[in-house]
Amino acid sequence: MAASFLFSSCSMHMEVSSPKIAQHPVDYLGCHRKIPFKALGYLKPIYCTSSRFLGNGKLSKWEKAERFLHKAGIHCQALEIEAAPSFSVEQKFQLDDVIEAQQFDGDMLNAIFEVAKSVENIERSSSGSQILKGYLMATLFYEPSTRTRLSFESAMKRLGGEVLTTENAREFSSAAKGETLEDTIRTVEGYSDIIVMRHFESGAAKRAAATAGIPVINAGDGPGQHPTQALLDVYTIESGIGRLDGIKVGLVGDRANGRTVRSLAYLLSKYEDVKIYFVSPDVVKMKDDIKDFLTSKGVEWEESADLMEVASKCDVVYQTRIQKERFGERIVIYEEASIL
Amino acid sequence: MAASFLFSSCSMHMEVSSPKIAQHPVDYLGCHRKIPFKALGYLKPIYCTSSRFLGNGKLSKWEKAERFLHKAGIHCQALEIEAAPSFSVEQKFQLDDVIEAQQFDGDMLNAIFEVAKSVENIERSSSGSQILKGYLMATLFYEPSTRTRLSFESAMKRLGGEVLTTENAREFSSAAKGETLEDTIRTVEGYSDIIVMRHFESGAAKRAAATAGIPVINAGDGPGQHPTQALLDVYTIESGIGRLDGIKVGLVGDRANGRTVRSLAYLLSKYEDVKIYFVSPDVVKMKDDIKDFLTSKGVEWEESADLMEVASKCDVVYQTRIQKERFGERIVIYEEASIL
Amino acid sequence: MAASFLFSSCSMHMEVSSPKIAQHPVDYLGCHRKIPFKALGYLKPIYCTSSRFLGNGKLSKWEKAERFLHKAGIHCQALEIEAAPSFSVEQKFQLDDVIEAQQFDGDMLNAIFEVAKSVENIERSSSGSQILKGYLMATLFYEPSTRTRLSFESAMKRLGGEVLTTENAREFSSAAKGETLEDTIRTVEGYSDIIVMRHFESGAAKRAAATAGIPVINAGDGPGQHPTQALLDVYTIESGIGRLDGIKVGLVGDRANGRTVRSLAYLLSKYEDVKIYFVSPDVVKMKDDIKDFLTSKGVEWEESADLMEVASKCDVVYQTRIQKERFGERIVIYEEASIL
């Protein structure tokens, strides 16, 4: 399977140290509760753990989940771990929704990458390829994006799950008739087990997650963030370069409007001795919030308009196109930015 | 599973009284022929019975069905019923197509609700969740409607079936190139086992059903009807209030153009001592055909423009939005109606 | 299953002569390498053989396929044939991509029709209905076409496969943002096992196939070709008339812009003593390339504007509509052509 969809399944956690069903279940339910997402032979038990890091107090999500699990005959049985796992479930893999890159820390990223590598090795028609059988993902795209949407849908289907899809909810749905995002989410959560949402407004994913009783993954919210793309970017860098600590990355293109690069900058800040070069025309320079964030985390950064000079110093050059559609009527500024 | 999709599967009928395969099959083929829709262990045999209530003489649908069943190795074997079922298949569950609310009577509604309750208890990954495996539903939407479309698709996928989907057949399909609805239906029936259609013209579903050799479900036809929505509404009222006989319902909003409320009024008329209050601005009052129908069925109704006064008398208030898109160029009337 | 989707699965080849697993595998790997597409009990082994007839040197596709097969635990095991097959795998069924009708010759067409007939007899819920389980097809439609898209998707789902779909890639995807077709293909091939593409430009399918490491099927490329439609047309003629050699076919309508009829003319040329009558207004006469091709192959053809006179001489009349959308601004010519 292509690496490009591995992170679509990033809300799972795989035990990496041969857990076995215990005769005397150990109580894992400490300050964070965890829910066995799907138990199966092939992949070893998988956990989806919870936390309330978004601070939106959606306790009912867990009540719903437990009711669902009970209905589905899956019991919240803890496992005895033969040897200590290489990372702790409670502290490193607390995912309820995926909204923004700030949710992740270095240990969590490593844990996710472990899962990704395991999923890469799942063979077609093996039992592992059915670990999401019976689960239904809704891809709610208010802004069309074939690449992103199909990557999530491919991931879901490669793992045995099913998909409900809308390519263009902005034009085609009740949104066009004046329905609020919150009302739409309340409806769609009745149909599905997880919502992947692309929206044209920054902050929309957070609003959806605050409403939904099921997990929400942000697949891009306007000029806001695109956290799963950034997860993939970091994973790709690690696969290619072999490390993340100490790398020098040139981020080239529209830094003011590019949500993927905003998310990526947050993720890179989790690693040691990273140096970031922002290369962009003046009109679309990286915004101060990200630069201040990096400075506060001790990440070195520089701005430049000279790609050739920067490229010679970098391990990785990350280039995105200037997003014409984010300029609206300020098209003159776009033309100027495109000269780079 | 969310109640909202239970009625998507309303073209099935479940025996409720433990039928067993008979050594001496009983001949059920009276004035209405019946077709075993899907035989399976979990849910007990399911029947989809036929009638010609639409009066369109589509005998060929049954010929086709039998040919198909024979090919699929399913034989039209009747069942010996151990005890008389609580409702008669022949008289109470005659569904070929679902076109308009008038098709249903009280006993049939009860029978459908029995099925709905059974489906609600189907557990994920149980054999019951595969009762529609091998069946393909086409959702042919000439008017986009994410909520309605996804609810049918969710139902189908939750029960193991598969879906062919088009979000916007009006713009995207050969309809835009001048193909008639009938020609489209003749093509799509070759690809699928059932068609769920949303159309912008009243009567379109009936035309489709008259053409199709497979079942057609009307998921809204312009200002016409929306029978499955009305089935769900009645089911929801019963679930919430515990009864339908003797209830007082306020129907609030655009009564002239709202197809769901038209379908709902027909269904409510099937119950005893129902009282309906229509609450709407003068410009969008309920049309006379429905009012005459209710009077002819002995259903009490009143019109009012005072929601607060009506609300105090009702068990249920049913509120729909004013549908701007149905006013076309008469936008001034819309503005007036919206003041309510 | 409807005949209309049989050719969607035309990249398979079924042994027709009761092959059995050999104790001493015979080496089939002659000048053309062959890949067992899917081995299963029901349908007898199925082969997808390769050749490099497109001359685009994509050797890596085979390397990828072998890597994949190895991963999937399918080994390139040859079979001992009890009796000689009625057609030779190596010479008659060499499909990698399906781009244009010229790829096919008479023996190949017969071989494909054998497969089609076998697929027609696959029963719902039989093991045969799962022969594509685990495979993912992407339908990448740059031009909406509900009929064509749903026919491929129906075929895939009837045989147990899964689908990623985009109805309107031209408007909805990164194509609208300036991404090249080649870049899109490189992304989508990471998500899927086969791409079915409809495009608005002649030659687009060939470009996609030259880029993709997975098979590409041309589902219509602008005024170019529509080879699977032509395969179906020829199959339908054979099913209806019982033969193809010696038939007289009237091709009626827009011959200048109709890609299906261009593809069909190529296929008909593979048979003996075929006579073709082109019936169209002068403004949309069949182009010279096809007429020259037919002449070079010794196929008799005539042009006429008199449908009634031609119809009396034909075994088959093939009528397509005038495609308004291909005229662009030359709408006057369209109006003229429509008078026919």
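A, B and C label the chains in the order they appear, each numbered from 1.
Definition applied: a residue touches a chain if its C-beta (ideal position, glycine included) is under 8 Å from a C-beta of that chain, and two chains touch if they have at least 3 such contacts.
The shown structure was predicted, so the numbers you read here are calculated from the model rather than taken from an experiment.
Chemist: For chain A and chain B, which third chains touch each of them?
Modeler: Neighbours common to chain A and chain B are C.
Chemist: Taking shared residue numbers divided by all residue numbers at the interface, is the value for chain A and chain C over half (same) or under half (different)?
Modeler: different
Chemist: For the two copies chain B and chain C, what is the rotation angle that overlays their Cα atoms, in steps of 5 degrees?
Modeler: My answer is 120 degrees for the C-alpha fit.
Chemist: If you average the Cα atoms of chain A and of chain C to get two centres, how far apart are those centres in Å?
Modeler: 39
Chemist: So which stretches of chain A touch two or more other chains?
Modeler: 165, 167-168
Chemist: What residues on chain C touch chain A, complex-wise?
Modeler: 68, 71-73, 133-136, 138, 162, 164-169, 171-174, 176-178, 184, 187-188, 190-192
Chemist: Mind pulling up the chain C residues that touch chain B in the complex?
Modeler: Interface residues on the chain C side: 2-5, 123-126, 129, 144-147, 149-151, 153-154, 157-158, 165, 167-168, 321, 323-325.
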